[in-house]
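You will see subunit A twice below: alongside subunit B first, and alongside subunit C after that.
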Partner chain A sequence: MSAAAAAAPAVPRERPRLRAALQHAAFALALLAAWEIGSRLLGSALLLPPPGAVLAAMAELTASGELVVALGQSLLLLVLGLAAALVVGFVFGVLIGRSRIAYWTLSPYFSALFVIPTVALVPLVLVWFGFGMGGRVIIVLLAGLVPVLLSVAAGVRDAPGELVEVARSFGLRGELRLLIQVRLRAAVPLLMSGMRLAVGRAVVGMAVAESYLRLGGIGGLIRNYGSSFQTEYVFAAILPLTLLGIGLSALVGLVERRFQRWQT
Partner chain B sequence: MRDPEPAAPKIRVDGVAKFFEKGGGGDAGQVRALDGVDLDIAPGEFLTVIGPSGCGKTTLLRIIASLTDPDAGRVLVDGKAVDSPSPERAMVFQSFGLFPWKTVLDNVRFPLRVRKAPLSEATETAMEFLGKVGLADFAHSHPHQLSGGMQQRVGLARALATDPDILLMDEPFGAIDAQTRELMQEELMRLWQGSGKTVVFVTHDLDEAVLLADRVLLLSRSPGTVRALIPVDLPRPRWDYDVRALPGFTDIRARLWSMLRDDLVFAESHGPGPATAGAR
Partner chain C sequence: MSAAPVRRIARIVARPTLWLPLLSLLVFLAVWEAVGRSVDPLLFAPPSRMAGELPELLSSGELAAATGVTLQALVVGYLLAAVSGVLLGIAIGQWDTLGRLLGPYLFGLFSTPRVVLVPLVILWFGIGYGGRLFLVFLWSMIAIATTTADGIRNARPDLVEVARSYGAGRAQTILHVLLPGSIPFVLSGLRIGAERAVVGVVIGEMFLEITGLGGLLQDSAQSLETARMLWAVVVIAVIGTVLITGLDALERRLSSWKAEPT
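Moving on to the complex of A and B:
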């Protein structure tokens, strides 16, 4: 971006896709093989069920509709919780980023929230909000909130004051317009890394809410089958959860690239 | 200076002073950046501003742009006091000030869109000015894909896009290599000549100050006051002959240098910091 930057057009950083896909597939196959061998050596379906058994359990759960319903419940909870984390995180992030007083008075509490394990919040949330949908959404919100909040705060605080000046000099007026059109826009790379972190933590919060607050969704499945030691069903429930996490991260990555073409 | 001018000034800087709190908190004292600056700039005039670094050149320009409020005095444009920024006084920034996430076209369209121009009209105008600075082919590039000189051409196109009466330029070519800078000086003169626009152009380059100017304003070392206003009566257009070889050019340059040199020598031996005002 500096004056010294060459006039060369940005080189797209695309790895050869086919090769990457092959590498992924090869690694997954090796993992499956190791799993199969390991489970045979152990000889215990309780400790490590063979992949075939997990696949069968998955097929069964899918056929009975259990898995689909659970996934739907989990996804709804995740989306609501993340949306709430975004809204609350933006509001308090802007406040903390733009006001010294808000920074000094509020940020210790959010720092505390960041280091408390989400499970530890369950009893409090239960007492305050009950174990209905509201309480579960609150758990996901609390899990995902701080990364959003901190990245928004850092973004609007550090956003280049110079570009705000530029916008003002061309007649853009009002703190809100400057915030949205310049400060937040300049902070997008930071916001995106915050979002990535928030998604991961929200998935954990979701599993916690579903297995500790009231059984339901994927977390409920894991807890249910875990307590009756049906390990292959536990695996069958964990797998889609992992895929969900990966899928959401990929989604954030997609948005990130859409916004970040200007960054090289 | 306070006598009525023959023609009403485009910009009148009236007793402007500006103080800054010294950094580090507490009341460590104040820096006097500008003190009692009076200045009239005629319509269509090209004024260059030169002075030792830290003498308040940027501060003066920002006050004319209403990006900073003066602590005393005021700025009048067309006889009316101004108090908020406007694309009528368009700025060109030393570090270009382009929005990195916007394309070149979007950057130039920005002031037009702020003024609520319809998209098609804004696009047409923006493309026209991109054409004038030779960058129509780069409309859909992002700033980081352009060289420094090209980026500043975008900055110039953006400033010109709203057809402002006044152009305020803060060392616009300071971050650009010497050869490109000469090209851009010529381009700027071509764009300005006959446009009727009033330009205030801050520079630390003596040659540039004389080459471009109708008048050169020399600010004294901190706190900045008007040290001298020197007319440059060299024939225009100045791009089709070697201005620098004219005796008129070298005379003015030498005069400016001898005055500037005193302040620079003083700054070297006393270090930066507030100096007593009115020493001369």
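Moving on to the complex of A and C:
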């Protein structure tokens, strides 16, 4: 699962910045031009609306406040679900990482949860927990839980022995205090990479929950415009979601790098 | 002769790594049964209800047919993704500029949840097989292409140098040096791609064309038949587990022969 990070294409930064920036700009322009020409050739705003129409739709969605409200609802769902995933993931991650009995009794369920696509769980969760905010938060929780849990478990299991020794010799008593003050802190870099994965999966869970219900948030917005075949609005609503996903994982990556520097 | 195997079996059975998960499974099923029965046996489908539903699902051939439909789209889409992903990966690994320019767009597409693209997929590919195949194919392909490109970029320069100095052309270098060297990367790409493919096939069956295991899940959800939903989820989980653990084992096995350069 750490390889999921490797799937993200890395952008090398060896060449002079200006030249690279120019190349990117030229490529983006070429893509836009190809889009414009393609949509004219197709002649169907339904299949491929021209870039201008998408921009206008985005401006309208922003001006009417529709996009802001939808993004707000989505972010609220995301934050609640991720917070729940963090709490549950920490508790079970510490249990599984520190106790072999807990490991052998509990981890098969979480492995199964990791393999099942979140979409497949959505109908079940909605039947069991209802169609309100609660059910949706549980979907985001299920999507983001396992990466947090696995990284916490791995982190508290492999805590460096010498740190534990030093803490003991400074008079730190009690497994719980040791856990909080030494083991979890030593595991922070690992926890952050788990968080990055969890955020990515949580965004997917959020979109899945919202578009399955066609209710609220950016996912609901997209599905609604999709079912009324207003393609330019579909594009205009997808782009902010993509940016949200990239922005969030970049944010976690930034924090991750800071912690890595702080550790060495 | 007879005592030794019995003792060995006894030791295996007595291992905590075996009986702990089993005990936990029993407790889990018992609690589920008790809670399910007391709350709402129809909605929570305790294990006894699930077991009762199975013979009909099997004898009517419904489950087998759905599994067949799902596996077919999964295998075809995934194989297409593997072949074109490796080819695209070689291309963007070899031509640095291409990789740098395409990278952000591939990453953006890769980070966009697939469900929200369903309206566009319906418009472009229809709600039939083509659309479902596309949902399996594209994201799996991107995962395989980007990891393959990483592998090509991480090729040992000394080996490339040697190949060049012996007069190997670009195609020969790719075939004999770069590709074998990047096998561990390709394999990890194939594993990530498989995860993506399983998700894609389920999305296609739930949101595009109601068919296969995803369709079984969706249909049963409409009529609130939880036991049938759970069986669909179980089969999906088994397919995912078999595919991913199989590729994992392959990855470990093939990576071991490629020792790090000393």
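Here, the second predicted complex is superposed on the first by the 220 of 264 C-alpha atoms of A that agree within 3 Å, B and C clash if a C-alpha of one lies under 4 Å from a C-alpha of the other, contacts with A are read in each partner's own complex, and residues count from 1 in each chain.
By our rule, contacts are C-beta pairs under 8 Å (C-beta built on N, C-alpha and C of every residue); 3 or more make two chains touch, one makes a residue touch a chain.
None of these values were measured; they are calculated from a predicted model.
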item: First (subunit B), second (subunit C), both or neither touched by A:L77; value: neither
item: Touched partner set for A:F259, first subunit B, second subunit C, both or neither; value: first
item: Broader residue contact with subunit A after superposition on the shared chain, subunit B or subunit C; value: C
item: Touched partner set for A:T231, first subunit B, second subunit C, both or neither; value: second
item: First, second, both or neither for A:F170, with subunit B first and subunit C second; value: first
item: Which of subunit B and subunit C A:L145 touches, first, second, both or neither; value: neither
item: Contacts of A:A186 with subunit B and subunit C, given as first, second, both or neither; value: first
item: Subunit C-contacting residues of subunit A that also contact subunit B; value: 3-4, 6-10
item: Interfacial residue positions of subunit A with respect to subunit B in the complex; value: 1-10, 162-163, 165-173, 182, 185-186, 188, 259, 261-264
item: Interfacial residue positions of subunit A with respect to subunit C in the complex; value: 3-4, 6-12, 20, 23-24, 27, 31, 46-47, 100-101, 104-106, 108-109, 112, 115-121, 123-124, 126-128, 200, 203-204, 206-208, 211-212, 218-219, 222-223, 225-227, 229, 231, 234-235, 237-238, 241-242, 245-246, 249
item: Residue numbers on subunit C that touch subunit A, as the complex places them; value: 16-17, 20-21, 23-25, 28, 43-44, 92, 96-97, 99-120, 122-124, 142-143, 146-147, 149-150, 185, 188-189, 191-192, 198-199, 202-203, 206-207, 214, 217-218, 220-221, 224, 226, 229-230, 232-233, 236-237, 240-241, 244
item: Of subunit B, residues touching subunit A in the complex; value: 65, 67, 84-87, 90-91, 93, 95-97, 99-102, 110-111, 114-115, 141-148, 150-151, 158, 162, 175-176
